[in-house]
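All remarks here apply to the structure that follows.
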Amino acid sequence: MINDLMILIFAPLVAGILAWAFDVRGIREAIGFIGAAIPVVILAKTYQTVLSNSINYTITVGGFKLIFQLTALNWYFAAVAAIVGIAMALGMISTSRSGYEWLFALMSYTGVLGVFLSQDFIGFFLLWELMTFASFMMVLRNNRHESLKYFVLSVIGAYAMMLGIAILYAKTGALDFATIRQALYMDLSIGAISKGESALLFVLFLTAFGVKAGAFPLHVWAPGAYSEANQSYTSFFSGALSKAGVYGILLLYILMGAKLYAEFGTFHGHLTFAYVIAWIGAITVVVASFLAVLQEDIRKLFAYSSVGQVGYILLAFGVGTSLGFAGGLFHVLSHAVFKGLFWLVTAAIILQTGKTKFKDMGGLAEKMPFTFAMGLIAVLSLSGIPPMAGFASKWLIYEAAIQAHMPLVAGAIFLGSGLAFAYVVRFLYAVWFGQRPSDLDNVKEAPLPLLIGMAILAIPNILFGVAPGLVTEYINKAFGSEIVGGDYFKLVTPTGTYNALLVTIVLVLGLAIAGLVFLYGATTRKIPVTNTYQSGNPVIEDYNLSIRRNFYKPLAEALDFWLKYSWDRFYERIAGIAEDFADTLRQSFYNGNVQSYSWYLAIVLLILALWGVL
Amino acid sequence: MSERNDDFITYELQEFKLFEPLFRWARKKSLWIVAFCTGCGGIEMPPLATARYDFERFGIMPNPAPRMGDLFLITGYVTPKTLKRIIITYEMMQDPKYVMIHGSCPINGGVYWDSYNVVKQFDKYLPVDVAIAGCMPRPEAVMDGIMEIMRKIESGKADGWKRYRDNYEWYKKNQDELFGEGWREKEGKRWLAWI
Amino acid sequence: MIGIDWKIVLEVIGMLIYATFMGFIFMGIERKAMARIQRRVGPPLYQPILDTLKLLGKKESVSHGLIYDFGPVFALGATITALLFIPIANFQLFSSNADLIVVAYLLEVPMLGIMLGAMSSGNPYSAVGVQRGLLTMVAMQLPYGLALIAIVQHWGSFKLSEIVALQSVHGWSITVPALLLAFIVFDIVFQAMLGLEPFDIITAPAEISMGPMLEYGGKHAALLFTQHAVQLFAETAFFAVLFLGGASNLIELLIKQIAVLFIAIFVASIYPRFTIDQAAKFFWKWPTIIGIIAVLLTV
Amino acid sequence: MDMNEKPKVEEKAEEVAEAPRLPNTKEGRLVKAILEKAPYAEGSIRRERRVEFKVPADRIHEFLEVASEKFEILIQITTVDWLKEGEFELVYQLWSVSESVHAFVRTRIPRENAEMPTVMDIWPVAETYEREAHEFFGIIFKGNPRLGPFILEPREYEKHPFRKDFNMIGYVKMIYGEDFDRYDESKTNYVI
Amino acid sequence: MNGQYAALIIALPLVSAFFVPVIKAISKKAVMPFLLLVTLAQVGIAGWVFNEVYTSDKPIIVMAGGWRPPVGINLYIGHFAALFVLIIAVISFFMAYFSIKAVKVEPLDKYAMLFLLLMLGATGMIATGDIFNLFVFMEITAITAYALTAYNKTGEAAEASMKYMILGGIGSSFFLIGIALIYGATGTLNMAQIAQLAGNINPTVAQVGLALLIFGLAVEAELFPLNAWAPDAYQAAPHPITVMFSAFVVKAGLYAAARLLYLMQAVSTWHSVLRLLVIMAVLTVVVAEFSALRQRDVKRMIAYSSISQVGMIAFALALGSQAGVDAGVFHMVNHAIVKALLFLGVGYVGIKLGGTTLEDFEGLGRRMPLTAFAITVGSLSAVGIPLFNIFWSKVRIMLAGVSAGYTWGVALILGASVVEAVYYLRLIHRIWFAGGGERLSESFALGAIMLFLVALILVIGFYPNYAWSLAQKAGADIFDVTRYVSNVPLMGVGA
C-alpha cells in the first residue's frame, strides 16, 4: 500500500507536523530538512522509470477516488518544486524562528507536489486549497491585511475552480482527467456543452489559475504576500507555488484544448483562447516590470519582478505552438531557479542588516562577498545575459512568439526584458555598491545553511545556461516529439540556432583579451569611496554619495499618466463596498423588532398561498 | 583625511621601458585639458576651441573629468578657497600631468597683490610647468604656451608631477601653513550644512 | 567540443585587430566630420588611437575595488563576443552558431559592464549617468525590438547569414517599404545605442561631467575607449548586415559602415540634447508607432 | 558687491532746494506719492528711471514698508563706510517692476556697534544681503536669524575686512609672509 | 423483543425529568450530577441502539402500547435516527458537564428539568414515525427552548426568548393546520401510510398541506425570512444551551422537514415547493454570511455562521436527489461536531474572561492556548480548509448542487463562503497574532472534551470513508420512501 508517490507527496506534511510538534531549535530544523529532502531523493530514483512509463497510485477517500500519477511532464514540474524546496529548507534553517513556519512551509510543499501529481479534480482541488491555506498562514503571521487580500483572491480563484469542476462533473459525470478528456473530446460531436457554458468554464478555470500565477488583473496580492512572508519561504512561494497556476493553464490545454478550439476557432491564425492567454501574459510582463522598476522596497521589487517573469511563462503557453510550450517549460525551470536565488539573497540581506528599504542599504559587496556573487549570477540570469539559463529560456520564447506571427506580444517581451535589466541593475547599485551607511559596518556574511541553499540554486543557473540541451532534450521526451533540436550545448529551432557553449567560450576569450590589456597598464591602487571627484570639494565620510532613493524618478514622471490607475486601490474599494453592503443588509433585515419579523412570516405565507394557486 | 591622502606618494610608478618613446609621442599629441577655469581667464579658453585657433588640431580636447585629464589650466587669480579645490583636483589627476598658469595673478598676485584673499605665488603650492604672462594673455599667447608644453613633453622636461612627488613635504608644508592643519576635514565639515 | 581548427583562430585574431583599428578610425572620422561641419580643421583621423595610447601609458592607475576593474573588462569582452557572432563580409566567424536575438542581446551586455563599473565607483555623478543610461536603454528597447521583429518576419529566419543570403537574392531590406520604416526606427535607436547627440544624455559633458565614465582614468579609460571603438564597428556592421544586405568583401562593408556612420554624424551635429524623460516619451511615441506599422505590414 | 560705493560728495548740498518742485513725470508723481505717506523722508529724481530718498535711521523700516507697495524688488543692500564722519551709510536699492523705476534709499548709522532692524519681513531675500553686510562691515541686523559666518575663510571671521580701519597690509603680511615682501615700494602714496 | 428497549431513549429523559424535584428535595447539590448520570445512561442506550440498527441493517420499530400503526403511534428508528440520537446523547452529556461549570443562575433544578426535556423533544422529533407525535415533540422542544433562552434572567435574554416564542408559536400553529389538512385528506397520521396515500389526494389540498407543514418546520429550521429570532436566541441563551441549539435542535427541525418533504413525493407540485426551498436556503446562506462580516461579538458571529451552514444543509436536502440528501446528512454530522466545538470554546472563553467580544479574544493564544487551538481548528474546518471535515461535505454539496442544475445557487453559496473565510481568519489572526497576556489555567475535563471533538474533526478530515458510509445509509433512509413504507408493519386499515 505504501508506494513511492504516497511518500513523495505526504512526507513533507508529516515532517511539518513533527517539526511543529517538537518545537526545539535543533530538532525541528533537522526534521524539516529531511522532510524537504525526501521528495528530491524519490524524484531522482524515479527519473529512469518516468521516461518510459508512468507510476500510478490511487486511494479512495470519502467516496472519491484520488488518482496520483507521475508522468514525464509532471515529473518535470515536481523536480522544479523539489529543487526550490530543498533550497527553501536550507534557507529556513537559518531564518525561521518557530515550528509554525516549518509546519506551513512544508504543508504548502505537499500541496504543490500533490497538485502537480494528481490526475483527478477532487485531489487537485483538495491539495490546491491546502497549498493556498498553508501559504496564507505563512503570511498571516506577519501582516493581516496583506494575507487577507491574498487569501480572499486565491479563495475566489479556488471556488471558481470548484464551480468549474462541479459543472464538468454535472456534464460528464466523471471527476478524473482521463475520462473528462475523453468525454470532452467526444462532446465535440454531441455538443452537450454549449458555447456559453464552455466560455464560462474557460473563464472560471482561467481566473483560478490566473490568480495563483499572478496574471495581470489578479496580480494585486503578489507584492504584499511575497514581501510579508519569511523571505526564504518566499523563494518557494514565488519559485514553486506560482508554477502551480502555470501548470493549471497547461492542464486547461490538455483537458479542454480541443473543445475550446472547436468552440472559438482561430483569430488571425492563432487559437482564440490561446491568444487571450498570450495577451494576458504580455500585459502582465509589461505592467509588472514597469511597477517593479519604480519600487523602493527590495521585497516589493522582487515580488513584482516574479509576477512579470510568470507573465513570460503565460505568454509562452499562450503562443500555443509546441515551441511555445517548450520555451514556457524551460522558463518555468529558469524562473524558479533564479527567482529562488534572488529571494534567498534577499533573505540573507534582511537577516544580516535588518533593513528592507533601498535607502538604508549600500556598499555590502565587501561585507557579504559570497552572497554578492550569488546575487550577481541571479542578476545575469534574470536579465538574460547569454551564458545564463535565463537567456536560453527567453530565447526560446522569442523564437516561438515571432515564429507564430505574434509581433506585438514579442515586442512586449523586448520591453519587459529591458525593464528587467533596469530593475535588476537598480538592485545591484542600491544594495551592493556605493557608499556603505555607517550602521552597516559590522555586517557579517550570511550563515552557512543559507549559503549552501544559494549555491544549490546557483549551479542550475549556470549548468542549464551553458548546456540548455539537457532541459530541451527532456522536454522533447515529455512531449514525445522533437521540438527543439541540437545536442546538449546547441539549441536548433526551425528558424534559429543558439550554441550556448560557443558563446560562453568566446565570452571567456574576450574577457581574457580584455584582461590582458588591463594587466599591461600600471598596477592599480585601491582608494576609499570618499576620494571621488565632487568638482574639487573635499568629500568626507558622512556625505551621501549614492542615489538610493527614487532612482528612476524621470521614468516615474514619464509614466505619471498611467500610474494614476491602480488595480490595488480598485479592489480595496470593492472590498469596502461589499463590507458596507453587508452591514446595511444586516441592519435592514435583523433590525430587532418582532413586528417586522412576523411580517416576514406573513410574506412567506403569502408566497406559499400564491404558489398553491398558480 | 589628509594623512590617508599621502599613499599616492609612496605608490611606485610604472616605468614603461619598451614603449616609452611611443607613449611620449602620444602624450604630446593628445593633451586633455581639465576644464577647471578659475578667475577671469576662463572666458579666454573657449576661443581656442573655435574655428580660428582650434586647438583640437593638436589633439587637445576639453575634458571635465580630472581622472582622464592631464593638462591643468589655472587661468586667473587664485583665492585660498579655490586653491583648496585645485589641490584636490590636481591630486586626483593621474600621473604624467602638467600645469599651465595664465596671467600674472597666479604668478605674483598681479593686480590683487595686496588683497588678503588672493594667493600671491601659486608655484609655492603646486608645481607649474608653463606660465604665460599678461593680464589675461590673448589666445595666440595661450597657443604658444601649449606649444611650449608640447615641446617640454617631447623633451621630457615637463616634470612638474615628478617635482610634486619628490618634494611633497615642502608643498604640503606651504599648503598647511596657508590653510591650517587637516584643512580637508574641516572644509568638508563646513559645507556639510549646505548639502 | 569543437576541434581548434587554425583557420578560424587566425580569422578571429585578424578580424579583432581589423575591427579595433577600423573602430578607432570611425571615431576619428566622427570627430573630424563634426569639426569640419563646424568649419574647424579637426583632429587627425588616428587621434583616438593616440588618446587610447596616452591613457594606457599613464604611469598611475586608480581603482575603487574589484568590480570597478571588472566592469570595463567585462564590457570589452562582451563587445568582442558580439562582434565575433556577426557575419562580417565573407568571413563566417561564428555567426552560424548564433542568430539575431543572441547578437541583439550581446550588443546590450556591454551596457551592464559599464554600469557595473560606474556604480561601484561610488560617485553621485556616475550614478546619475547610470540611471540615465539605463532609462535610455529601457526607452529604446521597444522600438529596437519591433524593428528586429519586422526584419525577421519579412525574411522568415533568425540566422544572420541566411538574412544576408536572402538580401543578396531579393535585394536589400530597405527596398521593401515595410522594412524601410523599420530602417528609420532602427536608425533612431542606433543613435541612442552609440550615445550620439540627441540622446547623449548618458555622458552629458556639461551636466554630469562624462556621466558614468567620470571616475575612469588611465588604463580603465583606455579599455572603455577600445570597447567603444569595437562597439562602433560591431553596431555599424550589424546595421549594414540587417538593412544594407551585408557585403561580399570588406571594402563594400566598409563603405556601407561609413555611410551609416555619416547619417549618425549628420544627425548628431544638428540636434540639441534630449532630457531623459523627453527621450523616453519620444521613444515611446514616434519610433514605436512606426515600428508597429512596420511589424503589422510584414506579418 | 559694492557697485556704486562712492556717491559724489559734493552733490549732496544742493539737493534740499530741489525738493518742492518735482517735475510732473512718472518718477515725479511716484516720489510725490511716497513723500505724502512718509513726510520725514526727502525724495529727489536723479534722472529718468532713477529716484533717490534719504531717510533718518530710526524710521527706515516704516519707510521701506511704504515703499514696498510700489517697489516690489529689493535688489541690494550696500554699505558705505564714511570713516571720517564715523558713520555707515546703508543704501537700499529697490526696483519697481510696475513703473520700472530704480530707487536708492539712503540712511546713516553710527560706526561703533552699528544696529539696524532687519527688513526680512518685507523682502525675505534681504537675509543674504544683511549677512554679507554683517560679515564685511560688522553691522548687526536685529531679527536676522543667520548672521554668523557666511562666505569668508575661517581665518577672516569677525574681522570685517571691508571696514576702512582694517589694516589690510599688516594682515596680508601676516598671512603670506615672505613672498609678500618681495615688493619694496611703500604703500602710502598710491592713488587708485 | 429487545427492540422495545429502544423506547427507553424517550422514556428515560421523561421519567428522570420528573424525578428532578425529588432529587432536589433530597439535596440541592445532587441535581447536576444526577443530570450527568441520566445523560450518561442515555448515551449508553443510544450507543446500543446505534449498534443494533447498523449491525442488523434493519430499523427498529417501537409500537406504543402494542397497537400496530396506523392506530398506534410508532417510533421509527432507522439509520438516520440511530445516528442522530447518538449524536444528541453524546452532545447532551458533554453539555451536562459543561453546565456544571457554566450555569450559575440559581434554580438549577428547573434548568436540569428543561435540559432533559429539550433533549427528549429533539430525540422524539427524530425518532417518531407519526406526524402528530412529531408535532407534540416539536412543541416540547420549542417550549423548553423558549424557557432556556430566557434562563439567564437578563433583559436581553427575555427579549430574545419573547421573539423566539412569538415566531415559534406562529410557526407551530400553522404546522398544526397543515397536519389537520393532511389528516383530513388521508385519514391517517402515520407517516408511512401518508406516503402511500399521498398520490391520490386532491392536489391543491396536498399542496397547501405540504407547504404549511414545511413552513412550520422552516421556522424551527431557520430558513431565510423566518430565522430572525435565531441570532438573538443563540446569543442570549446560556452557553451549553446554545451548543445544543446549533448542534441538534435545529437539525431535528430540518430532519422533520426533509422526512415530510420526501414522504409527499407523489404530490404533483412537489418540484415547485422544492425550488422555493432551494431559493430560501441559498438566501439563508448569503444573508447570514454577510451579516456576520462586521460582528463585534464572537458568539453572535458564530451564530450567524451556524445559521448559514444550516442553510447550506437545507439547500442540499432540498435538491431532490439522492446525492444531495447524502451530502446534506454528512454536512449535518460535520456541522454538529464543528459548531459544538466552536460554541463550547467560545462559551468557555466567555465564562473565563467574562465576555465574548472581539477584544476579549485578543492574544487568546497566549492566555488560553488549549481553547484557542480548539477554536482555531473549529473555525478552520468551518471555513472548509482541506484536511478538516466540512471540506468533504461542502465538496459533496457543491457537486450535488450543480448536478441538480442549481449552478447559480452553488455560485452564490461559494461567494458567501468566501465572506465566511474572511471573518473566521480575522478571528484567528486576532487570537494568535495580536496582543498577549499571562497564561490562565484551563479545566482538564473541558479540555479533554474539546480535544475529543478536535480529534473527531481531524479523523473525519483525514479519512472520511467511514463517516461518509454512515451518511450514505442515513441519506438513503430519508430519500428511499418505498423502503421506509415497507419497513413499517401497517394494519392495512382504510387503505
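Letters are used for the chains, namely A, B, C, D and E, taken in the order the chains are written, and counting of residues starts over at 1 for each.
Note that in this section a contact is a pair of C-beta atoms (placed from the backbone, for glycine too) under 8 Å apart; a residue touches a chain by one contact, two chains touch by 3 or more.
Since the model is a prediction, treat every value here as computed from it, not as a measurement.
Chain centres computed from CA atoms place E at the largest separation from chain D. Distances from each chain's CA mean to the overall CA mean are smallest for chain A. Ranking B-C and A-E by contacting C-beta pairs places A-E first. Averaged Cα coordinates give chain C a centre that lies 79 Å from the centre of chain E. Centre-to-centre separation between chain B and chain D, using Cα means, comes to 39 Å. The distance from the centre of chain D to the centre of chain E, each centre being the mean of the chain's C-alpha atoms, comes to 98 Å.
Averaged Cα coordinates give chain A a centre that lies 35 Å from the centre of chain C. Each of residues 56, 58-62, 209, 214-215, 218 in chain C touches at least two other chains. For chain B, the set of residues that touch two or more other chains comprises 8, 11, 13-14, 65-67. Multi-chain contact residues of chain D (touching two or more other chains): none found.
Chains that are in contact with each other form these pairs: A-B, A-C, A-E, B-C, B-D.
Those residues of chain A lying in contact with chain C across their complex are 293, 363, 365-366, 383-386, 391, 395, 398-399, 402, 405, 407-408, 410-411, 413-415, 417-419, 421-422, 425-426, 428-429, 433-435, 490, 495-499, 501-503, 506-515, 517-518, 520-527, 529, 531-535, 545-547, 551-552, 554-555, 557-558. Across the complex, chain D is touched by residues 80-81, 108-109, 113-117, 119-121, 124, 178, 180, 186, 190 of chain B. Those residues of chain B that touch chain C in the complex are listed here as 8, 11, 13-16, 19, 22-23, 26-27, 29-30, 32, 50-51, 54, 56-57, 59, 61, 63-68, 70, 93-96. Residues 521-523, 525, 528, 530-531, 533, 535-540, 542-544 of chain A are the ones touching chain B in the complex.
Considering their complex, residues 1-2, 16, 56, 58-65, 67, 69, 72-81, 84-85, 94, 96-102, 105-106, 108-109, 111-112, 115-116, 119-125, 127-128, 130-132, 134-135, 137-138, 140-142, 144-146, 148-150, 152-153, 156-159, 209, 214-215, 218-220, 222-223, 226-227, 275-277, 280-281, 284, 291-292, 295-296, 298-299 of chain C touch chain A.
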